[in-house]
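Heads up, the next two complexes both have chain A, just with different partners, chain B and then chain C.
Up next, the complex of A and B:
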């Protein structure tokens, strides 16, 4: 049982690293979907005591939302904006990977030192969660396209979800479901905004949005 | 030391060309061709060793020494590498470092011989080989460090002997990571397809083959034979992670040989299903291998 959780967590770290090195947005979305499906399994595997339908609802809801709904929304935004790949990121892909390894080491170091209220289902849960959050933040900061930044946001939420597994018994179901709903609304809105930005400016390069000032007539 | 560990280097020297044959047969099967016979590499070697060598006047002794030193380094490395549970003839604490350096020294002399020719093509190949080695060698060392830390041993034989069925429980993720990392290194170091195409004869895209363009006859025979030995050594490091232990030492050797043949078939399948990566993407792949190994190392700190 524990071995399965560990395998999922390692796979999660690997998908994070692929996200850091992926330039094709369609691939990145696919990987994010796989990540969401894997995360959906975690509540079931980490489940110890308490009603099973909590875990089922949480895992199933997360898997459906992150594995199918988000990818569909993001793919639609991708199709409408004709943005296929991330061009000229602020930090290159090999550099991102290397920085990622450094961040991974830091998360392991930090995860080992974090005082936790309860025994975790796996000792790698906290480092993996921290690293996934970090990956999301890094994608938001280091990439230009608005879509990649949405991907980063979803990855960050995946990390928070993984961290939440530490407290799977203590956290009320309603809170988790509320967070899921929030993320759903956010991705939904962001998908529309990306489309609107594209229609207005013919690109979704968020770096150029800082020059929004109107030129003097 | 038992009979099997003495037999292993001998078997490797004799049977390593068979791995090339197995890869080519697999590729031929996937392409729907008849393909070269399984023993084609032996025929090639026999042909090359009967020829007399010619040397350009611009070359020095370095050019002649290159293939021989490379072959000697690989022979020496062969005495350090265990094949699963078959102990290596030589085992001492820290021999993993020696192994890495022997492989490095073989590479150095191949590169030096390529530069000695003075042709720009060879220089280009040498530059690429060294560039990719810069990414591959740290990955290998980090992977070996992870293995050493997990098994609490510092010699390759002890590290690989430690692994058996029950020991996998709980370290399965580590094993999967190291297998992935070592397999990518195996493909890269042996110039197989995602990194380099052994069949291409377009100088602009070659890596290893372009370095040895000017070697002929006996020298080229040693280059080819050395390439098969290198494949055996790195292959033993990959499949050794998964080989089960049998009761008889010779049984271990047989299991190891079968494992290596299976690895050759897998390599053939990978080569049939994938295209070569662009040269610019190769460092990314090798960094990926390094990342897998580094992640494995991190998993051992718990």
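Up next, the complex of A and C:
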């Protein structure tokens, strides 16, 4: 059982690294979908006691949402905005990967120092979760297009989801489902706004959204 | 009771999506606001008991912030219902002088529904006794308000909406991590994990300090983003200046308070665990930084709605400062939250009157407000004194309480720093407000329709409320403030 969890966590780290180096939006969306599907397995594998349908509902809901609904939404936004398929980074791919490896090492160093609750399914959960959150944040700040910022938000959310697995029994199901619902609504609204940005400005480069700022004194 | 308060706006939102005609929908909006305010009033007079272990329940702090949200919502909807009607009549003819672009407003049904969902989400936020539920409700407020900010369908409002959505969503995601850490802290003490605030407070001393400190830091940054504490405030001036005026009033007056309540709940848990000094100092520090950052941007500000938005950052900083000091200052912070809500909402509504009369948000291009808009101009001047904390307004009483508590605790340097920030902001705001009210008015445009009662009465009522709180605090209200302060670990002065 634990081996499977560790395998998924290794895959999670690999997908993060691929995301950092991905140059095509479509690939990035596909990788995020794979990540979401894998994460959907975690609640089942980490399940200890308590009704199994909780884990089923949470894992299934998360897998459907992140594996199918989000990619469909994002692909649709991509099609409708007719965006240039390149990701257009501020920080180059190789540099992103190098920084990513550094962040990975830091996450493991940090994760090893945290005293964990005894019932943790895998000791690698915290470092991989932290690294995924970091990857998401990095994608949000280091990429140009509004749609990659949505991708970053989803990756960050995946990381938080993985971290939440440490406490899968303590978090009430209703709250977990509420969180999923909020994330779904957030991505949905973001998708709509990306579409509007494209219609209004003929591009979805968020660095060009700079009309609102303070005039230099 | 509490479920009625949450369910009623949700039902009304569904109904308003299905309604075809505009007039009945506006009536429904105002009627829901009135009903919600009336129910809230009942909760104030006969407080419903909070069942032990319940996820939702109105304790004193919840009642206080619910009252503010509900009252402000009523004032803002009366204003909004009128301005929606006016916008519809003038369809396609309203242009903004700053950019020359035409207002093409969003569908009114969606706007109304989002407003009502926003009210329901705020109600759930203030009534949550469960930190997970609080998070879900807080994110729901972000999502419900994003379409409201984009109501005018301007490129600039789109930009503001995008920043708001992204910055707040990412910020709040960090607060979720804070929630997880609290669960870890609760399980590390040997018992089952929980996120119920009363239970966490009861366990207090058994919670391990390092986890709780990390949790508080994440919650402070997460909800602080939503509350507009510097340096996470970057979205706030954009969103609050681009939103339609009644929405700005609600965002500044009601929503920021809800985020503040989230931080206060975490602070109360820390205080119970004996970490009150740690979380308090962090809060007060962030508060002071916010006050100075806001004051720096208020001076020399050219856009009056942005100026009001920065003033919100400043007052949120003051609230965090007061709450962080502890003791009697928490009572002062609660009183200040009430005062700030009333005054800031009134000012945003008045700013809406200026905007529709002058068609510009530029301070330099507005003049002679007292002649052009006699009532709004006079109220605008009164609002200047109210927002800057001059007597006899309630803001003076609350700021005085907080600063006095700071001196009494021997933290004179903190108090003097806060006073300095307040003074800088006063100078910046006074210059702008006086210039807008006095002097000669530019010629009226054809679209000018003068002042009607729904555009000035809500602001007048809110400012009178702040004046009343400055002169006399009713016994019942004072005891509510005292109880709320006690929940956070403070006391009455």
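Descriptive notes on the structure:
Following the convention adopted for this analysis, the second predicted complex is superposed on the first by the 204 of 217 C-alpha atoms of A that agree within 3 Å, B and C clash if a C-alpha of one lies under 4 Å from a C-alpha of the other, contacts with A are read in each partner's own complex, and residues count from 1 in each chain.
Methods note: a contact is a pair of C-beta atoms (placed from the backbone, for glycine too) under 8 Å apart; a residue touches a chain by one contact, two chains touch by 3 or more.
Fair warning: this is a prediction, and the values are worked out from it, not measured in the lab.
Three-chain overlay on chain A, with chain B and chain C fitting side by side and no clash. Once the two complexes are overlaid on the shared chain, A:98 sits against chain B while remaining clear of chain C.
Draw one line from the C-alpha centre of chain A to that of chain B and another to that of chain C; the angle between them is 150°, to the nearest 10. Contact with chain C, but none with chain B, is seen for A:133 once the two complexes are overlaid on the shared chain.
Contact with neither chain B nor chain C is seen for A:52 once the two complexes are overlaid on the shared chain.
Judged by the touch definition given at the top, the superposed model places A:72 against neither chain B nor chain C. Contacts of A:124 after superposition: chain B is touched, whereas chain C is not reached. Touching more residues of chain A than its counterpart among chain B and chain C is C. Contacts of A:87 after superposition on the shared chain: neither chain B nor chain C is touched.
Of the two partner chains, chain C is the only one that A:157 touches; chain B does not reach it.
For the overlaid pair of complexes, the smallest distance between C-alpha atoms of chain B and those of chain C rounds to 21 Å.
Put simply, chain A uses no single residue to touch chain B in one complex and chain C in the other. Touching chain A in their complex are the following residues of chain C: 130, 132-133, 135-136, 139-140, 142-143, 146-147, 150, 155-156, 158-163, 165-166, 169-170, 173, 176-177, 180, 183-184, 186-188, 192-195, 237-238, 241-242, 297, 300, 302. Interface residues of chain A facing chain C in the complex, by the touch rule stated above, are 115-117, 119, 133, 137, 140, 146, 149, 153, 156-157, 160, 163-164, 166-167, 169-172, 174-175, 178-179, 181-182, 185-186, 189-190, 193, 196-197, 200-201, 206, 209-212, 214-215, 217. Only residues 169-170, 172-173, 176-177, 283-284, 287-288, 290-292, 294-295, 298-299, 301-302 of chain B touch chain A when the two sit together in their complex.
The residues of chain A lying in touch with chain B in their complex are 2-3, 6-7, 9-10, 13-14, 17, 21, 93-94, 97-98, 100-101, 104-105, 108, 112, 123-124.
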